Amino acid sequence: MPTFRIELFEGRSQEKKRELVEALTKETCRVLECDPGSVDIILIDVKREHWATGGVLWSERS
Amino acid sequence: MPTFRIELFEGRSQEKKRELVEALTKETCRVLECDPGSVDIILIDVKREHWATGGVLWSERS
Amino acid sequence: MPTFRIELFEGRSQEKKRELVEALTKETCRVLECDPGSVDIILIDVKREHWATGGVLWSERS
Amino acid sequence: MPTFRIELFEGRSQEKKRELVEALTKETCRVLECDPGSVDIILIDVKREHWATGGVLWSERS
Amino acid sequence: MPTFRIELFEGRSQEKKRELVEALTKETCRVLECDPGSVDIILIDVKREHWATGGVLWSERS
Amino acid sequence: MPTFRIELFEGRSQEKKRELVEALTKETCRVLECDPGSVDIILIDVKREHWATGGVLWSERS
């Protein structure tokens, strides 16, 4: 029953997202020997102005 | 101090959401014998194109 | 596909937890008209020394 | 490697958010004696109609 | 900056976990064309008595 | 109603954790002009063998 929550910067195409969840599910099932239907993945788009590293928002980096 | 985070597909009416948080809070307080004011519930709308099961996004199921 | 993540203070009995997930699932399905099998609930025990309100850890309240 | 996830009501200005992540990162590094670059903070805007306390959504309080 | 949070049943070996994070990171970088160093993965072991599907805890299924 | 969830490596002393939540709450209230009682902070200890960066678990770095 692995459940993924993946936070990533917004802006990826729907095609990339489709490819990503396919690849992650396939690898997870291969390694953990689990059924694909038991793998849930939720993608969470995060805006650059909502993510800071080192105290600086990514929207404010040059 | 139970705190809920509930991910669900977007598209539910505000009336349904209101009814849901009322019912969940009531049941939680009944079972755990806690004060309603200590129950926080955050609803998180998830788009079908951001949720995959079995490696397939829900937006792409027919 | 509602997925719950519930943080609560540790110390509840397994019987209370069983009763809680039953009640929450039942109410969710009644309100959202969804299939019970689509409701996942993850309970997360939190120690009082890991939860602060108003800047004070609950383990340090008298 | 502290990673923060902060849910707050939507409506704060970008300036306030910038000031907040700066202050939180600074204090975290001071107390934990860690490198600023190791601190990630993700801000999550929550609508008042998606957050309930005591079974009542904040959008419905007068 | 993808950050993963993966909830899975406890009981996987450390070797499986190592293999899993390697494979997931590799696939993520291949698809999103990002730097491996930007991928963080946090694994969260969940006990069967803390995860319910359909209102039934996994520890109570026969 | 800011609610924090902070994942950090396990091993910090309880004194450090107390100091951290005090400092974070104080700064949050100063910047956002909110009431201390509305700030909840949950600390989540993560083992080095459960956190990977760049595909390598922190427990396996030399």
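Order of writing sets the labels: A, B, C, D, E and F. Residues in every chain begin at 1.
Simple rule for what comes next: a contact is a pair of C-beta atoms (placed from the backbone, for glycine too) under 8 Å apart; a residue touches a chain by one contact, two chains touch by 3 or more.
Keep in mind that this is a model prediction, so the values were computed, not measured.
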* **Smallest count of steps, each to a touching chain, taking subunit A to subunit F** => 2
* Asked: Among the other chains, which touch subunit D and subunit F together?
  -> B, E
* Working from the CA atoms, figure out how many degrees subunit C turns to land on subunit F, in steps of 5. => 120
* Examine where the copies subunit B and subunit C touch and state whether the two sides share over half of their residue numbers (same) or under half (different). => same
* Structure fact -> Higher number of C-beta pairs in contact (A-C or A-E) found for A-E
* Structure fact -> Between the Cα centroids of subunit A and subunit D the separation in whole angstrom comes to 21
* Asked: Where in subunit C do residues touch two or more other chains at once?
  -> 1, 3, 7, 24, 40, 42, 51, 53
* Structure fact -> Pairs of chains in contact here are A-B, A-C, A-D, A-E, B-C, B-D, B-F, C-E, C-F, D-E, D-F, E-F
* For the subunit E and subunit F complex, residues of the former touching the latter -> 14, 17-18, 21-22, 24-26, 36-37, 39-45
* Structure fact -> subunit D contacts subunit B in the complex at 7, 46, 49-57, 60
* **In the complex with subunit E, residue positions of subunit D that touch it** => 1, 3, 40, 42
* **Partner subunit E, residues of subunit A touching it in the complex** => 1-9, 12, 16, 19-20, 23-24, 27-28, 30-32, 51, 53, 58
